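Down below are the structures I want you to see.
The following pair of complexes shares a single chain, chain A, combined with chain B in the former and chain C in the latter.
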Partner chain A sequence: MQVSDQDLIYFINTLKNVSKYDFSEYSDKSLKRRLQKILEDYNLDLTSLITNMRLDKAFVEKVVKEITVNTTELFRDPPVWHLLRSRILPRFKNNKTINIWHAGCSTGQEVYSMMILLNEMEMLDKAKLFATDLNVDVLDAAKQGIYKYRFNLSYLDNFDKVIKQNPLNFEEYIDVPYEKYFDIDKVKDTITMKKFLTEKPIFRKHDLVTDGNIFFAKFDLILCRNVIIYFNYSLQNKVFELFHSNLYPKGLLLLGMHETILGPWANKFERLGQAYVKK
Partner chain B sequence: MFKAVIIGGSAGSFQVITRILHSLPPTFPLPVLLCLHRLKHVRSGFVEALSIKSSIPVIEPNDKEQIRPGKAYLAPANYHMYIELGNKIALSTEDPVNHSRPSIDLSFTTAAQVYREKLIGIILSGANRDGAYGLKKVKDLGGLTIVQDPEECQVRTMTEAALKLTPVDFVYNTNEIIKFLQKIKP
Partner chain C sequence: MKLSKQIQIIIIPLMFLLFAITGITLNYISQARAVRNANHQSLVYIDKLIQIANIVENQTGKGLTADDIFELRPYFQYPAFYETDFPFILSANGEYLLHAIKNGQRVPSEIISKMKEFPDKTGSLNYEEFENNKKQHQTICFKYYKPYNAFIGISYNKSEVLKQLGNSEFIIIIFIIIASIIAAFAVNKFIKPIVGGVNQVNGKLKALANGEIPTTLQSSRKDEIGLMTKNLNQLITGLKGTSAFARQIGNNQLNTEYSLLSNNDEIGNALLEMQENLKKAKEEEAKRKEEDDIRKWFNEGLAQFGEILRQNNNDLSLLADNIIQSLVNYLNANQGGIFVYNENDEGKYLELLSSFAYNRKKFVEKVIQLGEGLVGTCAQEKQTIYLKEIPANYISITSGLGEATPTSLLIAPLKLEEDIFGVLEIASFQEFKQHEIEFVEKIGESIASTLHSVKNNIRTRMLLEQSQQQREEMAAQEEEMRQNMEEMQATQEEMERKNNELEIITNTINQSLLSITFNQEGYIVNANSNFQELTGYSKTELEDKKLYDLVAEEQQEHFNSVWKSVLGNQSFTETFRLKGKNDLDIYIMATISPGLDAMGYVEKVLLIGQDITEEKKLEIMTQQQAKEIEKNLKKLRIEQEISATKQKEIQTLLSALDQNCLVSIIEPNGMISYINNMNVNTLGDKKEDIEGKYLHEIDYTAKHRPEEFKRLWNNIQQGNIQHREFSLKVNGKTVWILENFTPVMDEDGNLYKIINIGYDITANKVREQELNEEIELLKKKLK
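So, the complex of A and B:
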């Protein structure tokens, strides 16, 4: 069975009625695909799914968690981390504090990557990291900071590229042991972040559609990577407005490798490589 | 009249794709959508390598980018590439499908839904079964389907899987694929 436009509207409206989630401005193609997948995974037709959602609050939360996409990895897209290391973070070298918001942090790998990089640049002490996601399960995983080892050998490759290589001279290699930041247990198949990293960030549940800025802070840097690809144009603009108004002047916004600001908010930022600098 | 060409390939397809892109006329009237698996550690440099010999521009598109004729759009590493109504690209980081991200099945299926009988789908050499289901969708929705002759493929798993699932329109070697594409007029 193929999810139709009407099915999708019915689902979105039900969700709005039984919860505070508003998915009406998500990109409908990707939402349709996710809904399709849920129907297949639970082996339900739409009517039964909707009935269950009306009867069972916990089920609604479960559906919402499965609708959202949680892909992330340690130092995902190393060129972005090279940019952070060579051109973005040095801008804050003389700041007293650096406020960083990871919007849509998923299971936290990006937050740990940032802390590791900041520590290598001797800037971790003055950094405050705020990390948010819609899905409390992934936030719990983020707080734990424990990841599978065997599935994620790319983490170590990425670590080598970003942390062990000199960003200005790729021939130069600095030996930074993994144990400085995380323990690898091949028998248990885990990568466990060190305590000084897990206890540092503030993790909070947050919905970019409805919640605005929940921290009493403005930001020097906001990372929101591979989140807005799931939003439509109108919601993207609302999110850009939220980010723009909560960045310090000259603050930076970093989107995913293949995300760009289209439309009116493009003029309010300047490009710095992949990043956007608030004018 | 066709509106787009979509090409899927994996192991052994790089040289074939390079030859195809090299042989297209610079005024090729359709967009070329490329969904190619690549080795995990070869994430960058692929688009550059394809561009060197291509007679049309090859780009890794951004999300929601408008699709234009005469350009090749390569699915970025580690993203699924979907085709949306309104002739736009949509990217996604959803889980890999059959161990693949980008997934050829997903690109082909969404392109088939948008372009229907105005789509040409081509499956090239590859070492897994990704693409077979997608090519079937192209065929089911009235599109034209071509599979690289398995005899010519470096790895024939992918083309054989596609042929098993769908009675395709043509089984062509690289030269024949090129000749066919060169005949497409605006």
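So, the complex of A and C:
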């Protein structure tokens, strides 16, 4: 069964009625595929799914979790981390504090990557990290800071590329042992983040569509990578507005590798490579 | 029956019989001899008669003639020897030719025929003859006498012959009886001592038969009885010895010497055999007991270890601890270790899994390579190694008593069939016995089997867990992959959307604007067709050029500084005068901005511009006009200043009005388009409630006295200023308002706006009220 536009609207409206989630401004195509996937996984037709959603609050939460996409990895897209290392974070070198918001932190790899990088730059102490996601399950995973080892061998490559190597000078090699930040247990197949990392960030559930800024703070740096691809143009602009209003002047917004600000908010930011600097 | 009686009964009649037979035989022999004698006598007699006959014959005529008979008769007149044995001449046909009595009688024919059959017709013949009704045994002896053709013979009666023997039978009988009596007497006399001896022996034998062992017999006899007695005595003595021997055997004194009675001493041999067998049995018993003990030890051990091996099936190291501890204790050994065989990428090795009372001095490492040292060798060769001399310092046992090197070292492989699973090493101060070694080997197999199954179990469990885990992981990874896919797809779509947008923008730019891309050196990489048309240069011509080359001389320096700034990551919007092909004069308004890479470094330079040549030219033209206009503008400015002053005055006025009066502006159609703050303050109306509403909708008069309102409204419409007074309750207080409606006409005389200015006359009204009340009061007083 293919999910039609009507089906999608029916689903979104039901979700809106039975919960506070509003997916109406999510990207149709992506949402349709996710809904399709849920129907296939649960082997339900749309009517049954919606009936279940009306009857069972917990099921709604489950469905929402299923809809969200939680792709992330340690030092995902190393060039972005090179940018952070060489051009973005040095800007805050003389700040007393650095507020960083990871909007849509998923299972937390980005937060840990950031902390590792900050630590290597001796800036971790003054950093305050806020990490939010819609899905509490992934937030729990993020708090644990335990990841599969074998499936995620690329993490180590990324770590090497970002932490051990200098992209501007390939001869430079800083040997930072993995054990400094995480323990690898090949038998249990785990990568476990050190306690000093896991206890540092503040993890909160947060819905970019409805919740605004839940922290009583403004930010020097907001990372919202590969999130807005699931939003439509209108919602993207709302999110940009939210970020813009909660950034300090000259604060930076870092979007995903293939995400850009087009439209009304584009000229409120200046580009710094991949990043956007609030004008 | 007593033996003596038996002998008497048997021997006495026997003797009697013997004597009788002897007598009878003798009698018979004598009779027979008598008969033979008689025959012989008779034949001799006949011969004599024949001689006589011959003589007679010769004297007489031939044949038997009467002369003959006559002559012969005297010889035949008398019996020859006995009473009736008369001689005779018998003719060939059986007629007595001459007989003393029977002359002329005939003998029976059968006799005569028999006689004829005799050879020479001579012989003797017995026959029976009845005479006086008595049977008479007659014997006839005859000889044929040819000259007479007759037989000459004698016939005698046997009884007569026998009679001659007289009473011999009687004598014989007497003899027999006497002989028998003597014999009986003699036998009795002879038998008695023998029977006595036999009886004595018999008594002893009886006792023997009853199982007693009697005393020996005294006997001086040298005969068989004596021998018998001697043998009996020997038997008794022998039995005594045998019995004593048997008793000793019975008392389990198996080492007693025993000399055989003879080589054929059956019982003795049997007893010796028995002794031997008992000895053997005892030895075997002892051996068996020992074996039993060993077997018991073995089996109990097996059971005990079986139990240990059955438990702890999941924890290899706990299992090993239990095994080695129990084994060392069971063997009364001092220390032991269990090594487990393992394989990994680096090779095959033995790992000390558990040890008991171990203090390895030299080989403290817990991992031993295959083939290394005794343990490694044992594992490699799969053979038990038993050393009674242990290399110095190989091993030592630490105890409260100090250190000592054990004397025996047993290293046994844990193998199942030919697969090695580990090695047991046990050291002891005592030597290991063969069965202990076998036991260890046997246990080794069990341990190996258990290790095998435990390892298998662990591996199976691990594999199971692994597969479970892998399944879960697979599911999780699949989900993650799907999410990755989704993200990629979403990204793709987002990019497509953005690309479309950018493409539209780019197309628009390309179609309507000038667009150039430069590299960092400033060379044109790409210039769009608009720019090509504008400058008259072809694409290829442009690619060799820098923008600098096209910029008009007077601007080149400025351009360079702009270019530097752009490379320093700044954007500039400037107007440039360019020289196109054939010195074509071109003006462009261009934004030059840096193109940044992902890291934010300048990668290229972009120019977006617009051809403003026409405008520029117009501008130059208009600039001159502008100068004139500027003059006019100055005038205007002065006028404006004047009117501004006026406006300010009016503004002040209005502001004063605004502060003191209720001002509202009403459109010709009755819509209230503005009310000032006084309105809000005085009447409590809200701006947003009133503005935009129509007067006739909210006016009290219009509602309650429409006629009056209509009159008022009509007058206003005709351009007449109207007044009215009304009161209303505001916050519980009565407020009085005086309103002036001033219609404002435009140049054409049409109603343009109505300005309503109201005054709060409440104070006056109150005052008036008070006055009226005072007047009323005064009036009352006056009355």
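One rule holds for everything that comes next: the second predicted complex is superposed on the first by the 277 of 279 C-alpha atoms of A that agree within 3 Å, B and C clash if a C-alpha of one lies under 4 Å from a C-alpha of the other, contacts with A are read in each partner's own complex, and residues count from 1 in each chain.
What we mean here is this: a contact is a pair of C-beta atoms (placed from the backbone, for glycine too) under 8 Å apart; a residue touches a chain by one contact, two chains touch by 3 or more.
Note that this is a predicted model, so its numbers are computed, not measured.
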Joint occupancy of chain A by chain B and chain C, clash or fit
clash
Look at A:Ser154 in the shared chain and tell me whether it touches chain B only, chain C only, both, or neither; answer first, second, both or neither.
first
Chain A residues in contact: does chain B have more, or chain C?
C
Looking at A:Val176, would you say it contacts chain B, chain C, both, or neither? Reply first, second, both or neither.
neither
Taking the superposition on A as described, I'd like to know which of chain B and chain C A:Ser86 touches: first, second, both or neither.
second
Touching A:Leu272, do we find chain B (first), chain C (second), both, or neither?
second
Which chain A residues are contacted by chain C in one complex and by chain B in the other?
27, 29-30, 33-34, 69, 71, 79, 226, 228-230, 233, 256-260, 262
Residue positions on chain C within touch of chain A in the complex are 469, 473, 476-477, 480, 482-484, 486-487, 489-491, 493-495, 497-498, 501-502, 596-601
Chain B-touching residues of chain A, taken from the complex the two chains share:
27, 29-30, 33-34, 69, 71, 76-77, 79, 154, 157, 226, 228-230, 233, 256-260, 262
With touch defined as at the start, can you tell me which chain A residues reach chain C in the complex?
27, 29-30, 33-34, 37, 69-71, 79-80, 82-83, 86-87, 148, 151, 189, 226, 228-230, 233, 256-260, 262, 271-275
The residues of chain B that touch chain A in their complex are 40-41, 43-44, 60-64, 76, 78-79, 82, 84-85, 90-95, 110
